[in-house]
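One structure is given below, encoded as structure tokens.
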Amino acid sequence: MKIGFIGLGHMGNPMARNLLKHGHTLKVFDVVPDLVKKLTDLGAAAASSPAACSQGVDAVVTMLPSSPHVRSVYTGKDTGILSGVPAGVLLIDSSTIDPHTSRDVAMDARAHGNNMVDAPVSGGTGGAEAGTLTFMVGGETADFDKAKPILQCMGKNIVHCGGAGNGQVAKICNNMMLAIEMIATAEGMALAAKLGMDPKVFAGIANTSSGRCWSSDTYNPYPGVLENAPASRGYTGGFGSDLMLKDLTLVTEAAKAAKQPVNLGAAAQQLYQMHSLMGNGGLDFSSIIKLYKKD
Amino acid sequence: MKIGFIGLGHMGNPMARNLLKHGHTLKVFDVVPDLVKKLTDLGAAAASSPAACSQGVDAVVTMLPSSPHVRSVYTGKDTGILSGVPAGVLLIDSSTIDPHTSRDVAMDARAHGNNMVDAPVSGGTGGAEAGTLTFMVGGETADFDKAKPILQCMGKNIVHCGGAGNGQVAKICNNMMLAIEMIATAEGMALAAKLGMDPKVFAGIANTSSGRCWSSDTYNPYPGVLENAPASRGYTGGFGSDLMLKDLTLVTEAAKAAKQPVNLGAAAQQLYQMHSLMGNGGLDFSSIIKLYKKD
Amino acid sequence: MKIGFIGLGHMGNPMARNLLKHGHTLKVFDVVPDLVKKLTDLGAAAASSPAACSQGVDAVVTMLPSSPHVRSVYTGKDTGILSGVPAGVLLIDSSTIDPHTSRDVAMDARAHGNNMVDAPVSGGTGGAEAGTLTFMVGGETADFDKAKPILQCMGKNIVHCGGAGNGQVAKICNNMMLAIEMIATAEGMALAAKLGMDPKVFAGIANTSSGRCWSSDTYNPYPGVLENAPASRGYTGGFGSDLMLKDLTLVTEAAKAAKQPVNLGAAAQQLYQMHSLMGNGGLDFSSIIKLYKKD
Amino acid sequence: MKIGFIGLGHMGNPMARNLLKHGHTLKVFDVVPDLVKKLTDLGAAAASSPAACSQGVDAVVTMLPSSPHVRSVYTGKDTGILSGVPAGVLLIDSSTIDPHTSRDVAMDARAHGNNMVDAPVSGGTGGAEAGTLTFMVGGETADFDKAKPILQCMGKNIVHCGGAGNGQVAKICNNMMLAIEMIATAEGMALAAKLGMDPKVFAGIANTSSGRCWSSDTYNPYPGVLENAPASRGYTGGFGSDLMLKDLTLVTEAAKAAKQPVNLGAAAQQLYQMHSLMGNGGLDFSSIIKLYKKD
């Protein structure tokens, strides 16, 4: 297939490379020329704008940092995707943004004759490199079916979450639960240790009991409990605290717009904000345990 | 073996009955005569005080509602266990209390010549009836080994958590994580639904992703997601909100005494307190989702 | 003076009437014809768009419900103020919006040759009727001096808060403090009462001690403590809970954009959200005490 | 009058000295001989126990660090006040403790034939030295009237708060409001500054608006805003963060016992706990602003 790919940063670059590896022909765009060059060196063609990148292709994939970027790349006057793309071309947005913007842009696309799915990912740069990302997809079933073979070149689990915007809903609601559970684990582990219990023994008990969660059994924040977790290598690698903060900001704002309380979600957002203010935004998000224990 | 059993309420009654079923000889005590009669009807002998209940037996098991009860039953002048029990008799306290009191009483027992383990349970009255409780045991290894065959008459998982008090630490830290994770799940489920997603679909995604936890995959608070969860039968049965509130009170007070922050733990304690004030203390603890959605 | 006035709702209507009363000539615009008619009945001239409303006048005052409204009324293509207003006309925005948007629009205005001040108010519809509003003004000193005589027709305290956007900063930061202090007072009053103390006696002590605040000494949320407070008339009148929720939403989003933690501000936002979900959004904001006591 | 005084620490010492200055005859007790010597050097007589200190006097004043101390000093076997004091001697406890213990001990005293008032103070060591403390007094009116002339030797405002324990209720509920309002002020000041506003200008606006409180207008936590506040001298002197933490611990535990939610009170307790963990427990409590801004 011929695919347009817009947004070639830390995530977009390896995703685009995986499409090339699977034999697809790529047309690419990014505002940073160096990022474009990395892909043209591998055989992709460069386009001069999102509009140009959307012509002569079967589908367009976008991977952008925030809602305003998505809005401008899709609906920007003269240079936006919708000002250039022929009707019928499938549009796939893998950015993590708020569901409201996602649904708005999908409606604009549909008005223009293009079906669109939102397909945010989880799995980080590691999953993007390895082609093992999870895609949470919102859109019509027929569009999901068309997007699936493309997404399978870049990921392992491709999950249909319902109509437009639901990929975003699934992503940010899951990540809100994740952040709260990570803090729950950090508080529980640090308290058990302070009260005199061996952290590994406590983790073993929680992990086979009603307190178990992914943050405790797979990604434990206490150093030394899990050999392969970021906690055991100084919180390097993994999913940065500031990226978690970004998702918490998205989800708490979506909750406000929906007039829905999320008391612990908002508290988690604040704790990650405080953690960031202390200079820890670049560490893996499990480093939030630093709020609860001295090193 | 000859066993003394003190505290014959909702939990103590079925636990004592399971000891009888396994062929042990029981001497029992409770301040409520009717509770005693239920056991003497089944062949247990009644004692006139905790002290009397601790004489002529190989071990004593206690199952009491709070720290002050434990302190007075063990160290009460003239009538307390320690004023009557011969040196060398093993003492097993299955009450859920604060670790500090637990360690204090264990030291008093040791000074008196008796080894003691704390062995709080999880599993509720259902597990007590079925003999499938989990026991989290704090104490010396040799004492854990002696207590184990007795506890196995009443439970399935008997876990050694380290020295005196660590059974309590494991219990309350696990339950703090559980409460926070339940609220995390309630907030995530209610928000996903409010943002237009099918609750079952969202639960399916979270449960195979980084947001998964026992509260989401085994005990989901959203009605209809899991057929056998209390949420699907009006939040009846299960583990009452006011019992969770009691454990959150224990754990936040233990954290204060240890000068340890537990921000989300304290927030969870407050949300359960508010839930209780609204009249929902008798419902299963997953009913906390009522704070986040109208029925 | 000739003044253009845009936005004639609950607040804008009495504000515009006060300008008329002081002898100014008014040109008015609103998207709702009925709201325009109320002013033309009193002698104002109707304009067909914000652009038209800004021609032939010495100054323009806007009173709009949210940031997107302000942006579109000022910068909307063809019909926005900046597409019609002659250079040199002073622009005064009395809407409560986020400081970022406020500064953006002020920069657009300046680029167009117009000085602009942000001048959000406190005092509610009562203060708007009586002409006793407080205006918190952000902008250059010279522009503040020009705006002052106009604002004095509508308010009593006209405070210069510094450069562009600082009126908004003052407004939303003050209201965040107010919301937290109101909840502090509600929690303190309800707890003192629950612990057996007469609410009036406790209020008397707090009000002469370090716990005193405007919410306790002027606007006490406990029924019967202050005869003239909304609490003593069923929480009618006053400043609605949903309006406070709107301000809390603004301030927490401004904090997020500034990467600044506001832990209690975010917690207050959530408590007002929960209060609103329970159906109390229309009651005065001191009704938040309903979360803490049964009626 | 002849007065027994028990507890001669940082607060008790200057309070006792003020009684001497007013011509009263003192009998004193403390477990630390050096503290006793400081008073006997000034003419007080030393007693060998609380019981002995309560004989041959007209009234007894106690100033102790916590509930367990109060319980043991009053009701301790053989050496406690109640084992020595003749019926009819007035008992005045100025310790800050939980209202429940306060009421319990008052009932024990009454059963023994002694009336008792709780009279916790505010004003710190500075107020104790200067004799300008505020006393919040719980007890019968007749007893309040008897205690008043004694308390007036040590303080300026002597406030009757109602029956036994209400002095404690007033003290801890006021201090809970104070802590929350201090954090509200810290968050508001730090955010206004981060959003580009001059802290002094913002404080000036808040202090004349609905956000005003004692923490903003008298004890502002932002350095340089008030010349005489601890914030302007490196947070030295004043009321230590760990003392505020102690009061927050008392009030949140009293709330739990009363089954009363105090969401922001509990959040404040956690923030002070975190502040203490970071090593700031010895600084004035307005230093909590350090959580919100880098130095």
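Every chain is named by a letter (A, B, C and D) in the order it is written, and numbering of its residues begins at 1.
Keep in mind that, in the parts below, a residue touches a chain if its C-beta (ideal position, glycine included) is under 8 Å from a C-beta of that chain, and two chains touch if they have at least 3 such contacts.
These numbers were taken from a predicted model, which means no experiment stands behind them.
Chains making contact with chain C as well as with chain D: A, B. Should one ask which of A-C and A-B has more C-beta pairs in contact, the pair is A-B. Chain centres here are Cα means. That of chain B falls 52 Å from that of chain C.
Between chain A and chain C, the centres computed from C-alpha atoms are 37 Å apart. Chain centres here are Cα means. That of chain A falls 40 Å from that of chain B.
Contact with two or more other chains is made by residues 255, 260-263, 267, 271, 274, 277, 291-292 of chain D.
Across the complex, chain B is touched by residues 249, 252-253, 255-256, 259-263, 266-267, 269-271, 273-274, 276-277 of chain D. Partner chain A is touched in their complex by these residues of chain D: 267, 274, 277, 291-292, 294.
Those residues of chain C that touch chain D in the shared complex are 99, 122, 134, 136, 157, 159, 161-163, 165-166, 169-170, 173-178, 180-181, 183-185, 187-192, 194-198, 201-202, 205-206, 208-216, 218-219, 251, 254-255, 258, 260-265, 267-268, 271, 291-292.
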